[in-house]
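When the chains are written out, they are named A, B and C in that same order, and each has its own residue count from 1.
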Amino acid sequence: MRANQTLSLQRTAQIKKVIKMVALTVTIYTLAILYFSPILYMLISGFKTEYQAVSPSFVFTPTFETYKSVLSDPSLYGYLGNSIFQVLASSVLCLLLGLPAAFALAFGNFRKKGTRDKIYMWFLTTILLPPVAVLIPLYTWFHAWQLNTTPLGLLMAYVGFHVPIVVWMLYSFFADVPTEIMEASEMDGCTRFQQMMHIAVPLVRTGIISACLLVAVFIWNEFFLGFNLTGNDTATLPVYMSRFREQQGMFIAQLSASSTIAILPAIVVGWMTQKSLVKGLTLGAVKG
Amino acid sequence: MKKKNDWPFILPAIFVVAVMTQVPFLLTVVYSTLRWNLARPDMPIVFSGIDNYLFFLKIPDFTVVPEFYSIVLQTIIVTVVALVICTVIGFLFSILLDHPIPGVNIARTLIMGPFFVMSTVTGVIWKTTILNTTFGWYGVLAKSIGLAPVDLLSYYPLPVIIFLFCWQWIPFFVLIILAGLQGISGELVDSMRIDGLNWWQSTFRVKLPLIMNHIRVAVMLGLVFIVKEFGLILVTTAGGPGTRSYTLPYQVYMQIFSASNVGRAGALATMTVVLTLLAVNFVSKSMKKNNL
Amino acid sequence: MKRFATKLLTAVLLAMFLFVGTQGFAQTINIALANNPISQALNKLAKEKYKAAGVTVNIAVLPENDLRQKLTTEASTGGTSYDMFFIGPYEAASWAKNGWLENLEPYFKAMPAAKLTAYDRPDLIQGMVGSLAVKGQSYALPFYGESSFIMYNKELFAAKGLTMPAEPTWDQIYDLAKKINDPAKGIVGMTMRGAPGWGMSGAPFVTIVNAFGGKFYDMKWNATVDTPEQRAAWAMYKKVLRDAGQPDILSYTYNECIALMQSGKAGIYYDATSIAPALEGAGSKVQGKVGYAMAPHQKMMTNTSWLWNWAMGINPKSSDAKKKATFDFMVWATSKEYAKMSVDLDPTGSSTPPAARTSTYALPAYSKTPYAAMTVKALKAMDFTKPTIDPVPYVGLQYIAIPEFADAGTQMTQFLADYVVDKITLDEAIKKTNDVFNQVAVDGGYRK
């Protein structure tokens, strides 16, 4: 009798567990799909014709017509090229500037006691600076030196604003490296530079990748500086997309297709690198 | 031992950052003391002290709230409400996503998506395909259940902006908080079950305190990025109706590009920075104080 | 590792220089156009048809508010992002005086005689040319001009047995709009611009103020917003939109109004004469079904429409070569050949710049369009030096020709928007607007 009771109790517990799992799965998936649905709708609307896209619906016959016309518009490639250039060039430059700075902050010997903290805090407060605060002088400089007709102007602004993020993330990664390794390499007679490149960098490779990726996503999506500091030649994708806020005849299919092109790289990169991004961000969290 | 000079490693970074951020900011502060209207080159640029600041701060009639204070209040409302919603819902989503259901990675990936979408696309897509009362899902769905769709963008601009901001940033909070939750050791989870803690106790009494650091980072970063937000407002409500959904950065933009008034824009920008720094300081200190 | 870093750095720098360097090989001129139907047509035609040796024309179409803001700040800070300024008489008047527009007379003098004759400057409508000139010297060429009038859906009117008077009053318009308005069937009685901006909702709104006998300043530059006439105008604007207008009031720029009207879902539309071609063009469900009437009057009996043109000027800070290339493009876009080509390609006239050249109206296909006659009538009726019943110290029909109006007018439309959606009362809106205009009179040194 006892054994039977225990068995049926176990089975009830198992059934409860399964029901819980099913309920959870359904809830989670419904939530996820609902949350993502605006983007989903935009992705599929790119495959409609303008007539099909006027009224909202999920039922239609897909066509490549809209993508063909969007992709054959030469101006799109200008904006795309500018965005790609800005992301690649700024990520590299941010790394080139930020990596040594973070390294030196983490392991350097400074004569004065509080210098390290002061410099680190200085970088941090720069992250807090809203771009509006610098817009006017930057705008007037750019015009005086014709910097808004070349991508270099915006590039310098992006680098200036994003190096602190790289420094912040890499500093916490470097802080994780045990000091014994550094001390040992000093005894072996390494120069600072060798220490950085041969020892520290390989150890924080994930951190470097995640810092680069975060900065890349931010710059790809950056709008305020891109909107105000560029001309026709140098405008980036977010600026191009903002022009769709006004009707241009029937344009929803075109809007969807262009939006898809604009966001796909960022989403794909984000998805593929979720884990490293989280690691990078949260290590900073644990250190504070 | 060789004396190591670390400064060459740091100086280039300091130089570039200073030139592109600090120097312009100092200039902005200088400009804020000038009377300088770009559209009136016939009026000379003169030093005007704190006139530009007073223009915004003065209260001529205590029954009417000056524009500036309304906009500061709007900025604070948007920021605080968005942060609270992001934190609470981000936490709840993370709890949900922490379960080992089949294909949980797909669900996580879907929820993560909106964070990577640029704010102008978010704004345009929501405005055109969803919130439009004639051609958008909102309008169509409302009419199908017999309700007359209210134009949310005109009548409830701030809630719409807060909603869209949360939609974009909850994934970021989930990203960080989930990582924190997953960092909680399996042994701890098991021991909680063995001790007979129910779901409420295990989540809020045990897990929550453990991930406070993560929540703090998410809130601080979220605060900084919400205050900066500009593109979303521009493409959805353009600050309207009136100045109902203006935030301080948007107001600065309009002062330069619509009013062509460099002096006033400078004063506004300076005040924005001061307020942001104060806010960040305040949030960080109060979180530390409450052991958050 | 050091070598690797150096290689990387060199590669990046090289790539950057190459990228930047290749920008300068062909002469590129940068143009920004406003997002309206005729300019969109120019964008298309320029891409297909404009060929100039060694010159690439880079055109961006921007939302009108963005365009104005960018160009104004650009011109006032001496920038060179854009080589051609796409502006109207509001900007042209003050920019020419400030030296922000290139004087075009030397360019015309340098034109070969045959080309100059073919261009036929006297053919340009003199009212438009005059609004862009200082002391008889042209600083911009009119691309297209417009006044404003009423467009209405003849079918919807016939279905309800209503007729539109040839010269209606605002009261009559309101009544007609309410009768046509049918939310159950998704029919909007009257659509009008609701999106704030001095050049957006400000345009129809200020003409309503004028029509009701209101004004913005008296001769001593005291702001006169708080008057019964102005209040009546504010109330009428709100009444029309709330009782018979589009539900998404404040999101509607003229682009959204056009789309609504084209879909056959709006009864009446008060806007620019240059919009009529879009309603009669391909893709419009109301092609051939649109009637036209003069801009409504009320207390002021005539001259209650607006005067505007979109014109092309040259950025004086551009290089000489670019200025010449820009001038050539401008001449092409404002030429008789362009007008003829656009009518040949699109006989409905929806790509043809209206109200810029008299000869356009002599083109057989164009003169037969349903809107041509009313447009000419509207153009003849306006006088932008006398916008109001009472004498005023300013000119301009739907704007006030002072540089501060861009900001003051925009603020006014923002308060208007607030009032229309019941966020503030009429008293508050009027008071705020009055204060702004008084402040401008003082700050700008107008009131002595």
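Here is the rule we use: a contact is a pair of C-beta atoms (placed from the backbone, for glycine too) under 8 Å apart; a residue touches a chain by one contact, two chains touch by 3 or more.
Everything numeric in this text was worked out from a predicted model, so none of it was measured.
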Exercise for review: Please identify which chain has its centre, taken as the mean of its CA atoms, farthest from the centre of subunit B.
Suggested key: C
**Study point:** Centrality ranking, top chain (CA atoms only)
**Key:** B
Exercise for review: Have a look and report which chain pair racks up the highest count of C-beta pairs in contact.
Suggested key: A-B
Check your understanding: Approximately how many whole Å separate the CA-defined centres of subunit B and subunit C?
Key -> 35
**Study point:** Mean-CA-position distance for subunit C and subunit A (Å)
**Key:** 39
Practice item. Return the distance between the CA-based centres of subunit A and subunit B, expressed in whole Å. Key: 16
Exercise for review: Check each residue of subunit B and list the ones that touch at least two other chains.
Suggested key: 127, 256-257
Check your understanding: Which subunit C residues touch at least two other chains?
Key -> 73, 77
Check your understanding: Of all residues in subunit A, which are in touch with two or more distinct other chains?
Key -> 139, 242, 245
Study note, to complete from the structure: subunit C partner, complex, touching residues on subunit A are 75, 78, 85, 89, 92-93, 96, 139-140, 142-144, 146, 148-152, 155, 193-194, 197-198, 230-233, 235, 242-243, 245-250
Study note, to complete from the structure: So, in the complex, the side of subunit B touching subunit A is made of residues 1-2, 4-10, 12-14, 16-17, 19-25, 27-28, 31, 93, 96-97, 99, 101-102, 104, 106-121, 123-130, 135-137, 140, 167, 175-176, 178-180, 183, 213-214, 216-218, 224, 227-228, 230-231, 234-236, 248-249, 252-253, 256-257, 262, 265-266, 269-270, 272-273, 276-277, 280
Review point. Which positions of subunit B touch subunit C when the two form their complex?
Key: 37-43, 64, 127, 132-134, 148-151, 153-155, 238-244, 254, 256-261
**Study point:** Contacting residues of subunit C [partner subunit B, same complex]
**Key:** 65, 69-70, 72-73, 76-77, 94, 98, 183, 186, 195-196, 247-251, 260, 403-404, 406-407, 410, 414-415, 417-418, 420-421, 423-424, 428, 431, 443-445
Revision key, fill the gap. Given the complex, residues on subunit C that touch subunit A span 1-2, 5, 8-9, 12, 15-16, 19-20, 23, 28, 30-32, 35, 37, 40, 58-64, 66, 73-74, 77-82, 253, 255-256, 258-259, 283
